[in-house]
């Protein structure tokens, strides 16, 4: 990886060479901060962006997406791939980490999701190192940190009047090199000047190894305790950057129609309800078991990385203020 | 929009209003052809979701017509309908959907003339309100594919 | 694992309905035989007994169905129970209609493992589709490499027994001991009477070195397994095909998992040793 | 009503309900990791140590009842929750004998939205018209009145209408016109402005259904949004689909909503739900002189009728002359 130092002006000038890219950055409307399309000129020189309340998931797995158009009773079909080029700047290391979790589902495991792949391959993700911890952040409690690249195309460190850019993407590195004051080939984040990185002592969450969690799936009493506060809504899964479960339905207009993909949540009743009326996960006990185990056991077991990035969005969204950190601790101490 | 021809959906109760509409036809009363009639057993059967779904799919006006209070074949169907649809009509107005879009009427089996008059008035009102843009679904991409696939 | 037929696993392959046939008196079960619209697609569509497909009715949706035809047959056969909006639409299909198909999906019965062993096939109700495909393929291609084959097929009434013409054919097939049963006495019924779990206990089968393949409603499976274990068949030699609500069929939409295993991608065929250390979410 | 007293009394009444009345579960609150209270089902008397109630209890506990259907249930109930229970009894969802209601005279509950940036600070507790927050390790003492939900500000029934036990204390007095004010503000807008206001609300909605799950009146086995035959709206959170969701939800609550505000507290996207519901309550009470959830035995407003209901139908209640024109 290449580490480059540039003045702020040069860094923005370098970005102008991506003129054929749509630029997205976090923008506040009322009490929500979401990724909005802006022009490169509108990028603030201090490169300070608020943390998005809706994660970058909405650009890679949109709440609604057309898979293909069809003509009923005929074989006419027209798939719709989104190939717009996007440059997304201002995300945080936890968002980049979340994209790695989404990649593990959509780009590995024997099948390839063309819709997700075309959005992922046509996007450049530039994160910024966090200046301070939000009250609900806990990435450090999971062993991650506010200054990691986490597979992003580049991370921008605030070095006062300059910026330090650790570029994982070679194309981006070359374009920045022309404007750089200093460049250095490095192995990882520890070898670079990361400016003022916030740090606090934090007690690591007692996350177990994936298989250690398996026996817990038979402990009804544990999940009964966790379930009691949950209302069974989709707020946590829709706002979680690593929750990718989706539903597929058809929308018609006379003889034609389109098959669309929309969000779904393991907390909803219809999620596993079978045509016979049997529901293998009838109550919130089984559903909370699925939610927790999927992030802390199944994804690590199948793909080798935690399904939770410590971004804390579910803490803010939950109507019952359920705190997944408490659930991790409680599960670790549960003796049945 | 003078050449705008509104699409109107009418839910007519089978025992009175449907018969009234039939009488209007038999008696050769003239009334605009914009209305598409859906027969329902009683005005009490009309679920406000029918109205929202009709507007969502592209109707410009929705009419619900039943027997005059007291004449209902099922005794109380229209009384329930009266409370429900009045609250619903006001809800549509409160949410900013043009009041002309939804109309409720009592038409008995012998009021063919009134039915024709009702439809003439309602069509005018909807024409004045213009095409439904308040709650109509997004169709442009599907219409485009429809033309392509022809 | 199978080869994706094309680069977009969500895009159905256009098919034509060649034949339709009601399989049960109450017309709730209907079989369809499908052919590929495009030339050469049938050769590309290599599947093994136990796999399933997602049948797509544009405008209604998609549903998963086990493939009932054996790999040697030209047409793809599925049997559909009328339950929801998609299956109702499928029941209204007729010869010549165009539908879509995605697949073949999921894993298959591990035939290599069964070589040299006895096979005890148990089917209940209309879950006979993939087992029918397996048995047809077995009798046509490789029945010489297994010892004896016993098949128990049960249903609520004689009219509900699936693939009656196939069963007739197998009645006088020396290679196969066929036991048909219905839940209670019916006029003109000459076969066995009783629930599948009881018949399984009564049937004299050599349980030494035997693999059991069992598909049917959950209650039947739950009552039959202990009977098989009592006879000494180990858990890893009892295979079943699980039912689940499915959407994508390729392990992406996250809904059909049991523990870390996706029924659509890692299944639907599992043996009971595998199922033992998974949550009892099925 | 200082924090301490009510807690001891709550636990005492809870134990009594378990031991004397034989309840199997008590629906109450306990402190969450953020200090704000979260709903909790207590299954035994000695687990009641963590039972709490204060001004951060923004969940309507009646919404948790379906989870423990068939059991004998104890429940903490300020005014709005007790009225929800009355409606659930009238609509045949629960049986009065299976309920042990611990009535709480309600001082009002804090609106998370009004906390703004403070909403993620640690909530220490509420006491006598004040509440304490800890943010960036300094303690803030804030007046309850300025942060109460609009529902609580304009609440006319803060004391429980049905109860088996009653906690000492005084409910909040002086109902203001906070909710009516919001409705008036919207009514003062032009039709186009009203439409764009509600289209903006529809645009915020992500259809996570937290409002539905938080509402005790939304107990349907299968909600109309999950119906596929017919499919009323698509699963996509577009503005027209979300308008169908918001309007139909409001309509289904007309004459049933007790204005507890739990839906607005549950909504993660800040959608204005209470203006629609306050309008519905106002309209139903003006048209039919009906307030939901006050007596056991009353029929739902839109589930009943009277012969002299107002009549705005074309061709109805018209003068004789208009009716017989050709």
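A, B, C and D are the chain letters, set down in written order, and residue numbers restart from 1 in every chain.
One rule holds in what follows: a contact is a pair of C-beta atoms (placed from the backbone, for glycine too) under 8 Å apart; a residue touches a chain by one contact, two chains touch by 3 or more.
Predicted model only: the values in this text are computed from it and were never measured.
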item	value
Pair of chains joined by more contacts [C-beta pairs], C-D or A-C	A-C
Chain located farthest away, centre of chain D as origin (C-alpha)	C
Centre-of-Cα separation between chain C and chain A, whole angstrom	39
Distance from the mean Cα position of chain B to that of chain A, given in whole angstrom	47
Inter-centroid spacing, chain D versus chain A (mean Cα positions, whole Å)	33
For chain C, residues that touch 2 or more chains besides their own	61, 84
Sequence positions of chain A contacting 2 or more other chains	71, 74, 247, 249, 251, 257, 264
Chain pairs in mutual contact under the definition given at the outset	A-B, A-C, A-D, B-D, C-D
Complex contact set, residues of chain A against chain C	67-68, 70-75, 77, 79, 105-106, 109-115, 210, 214, 217-218, 244-250, 252, 257, 259, 264, 266, 271-276, 278, 280-281, 286, 289-290, 293-294, 297-298, 301-302
Residue numbers on chain C that touch chain A, as the complex places them	1, 4, 7-12, 14, 37, 58-63, 81, 83-84, 87, 97-98, 100, 218, 243-245, 247-248, 250-260, 265, 277-282
Chain D - residues contacting chain A, complex	32-34, 36-41, 59, 63-64, 67, 113, 116, 119-121, 204, 206-210, 212-214, 222, 226, 228, 231, 234-238, 262, 265-266, 268-270
Of chain D, residues touching chain C in the complex	228-229
Contact footprint of chain A on chain B as seen in their complex	139, 141-143, 145-146, 148-149
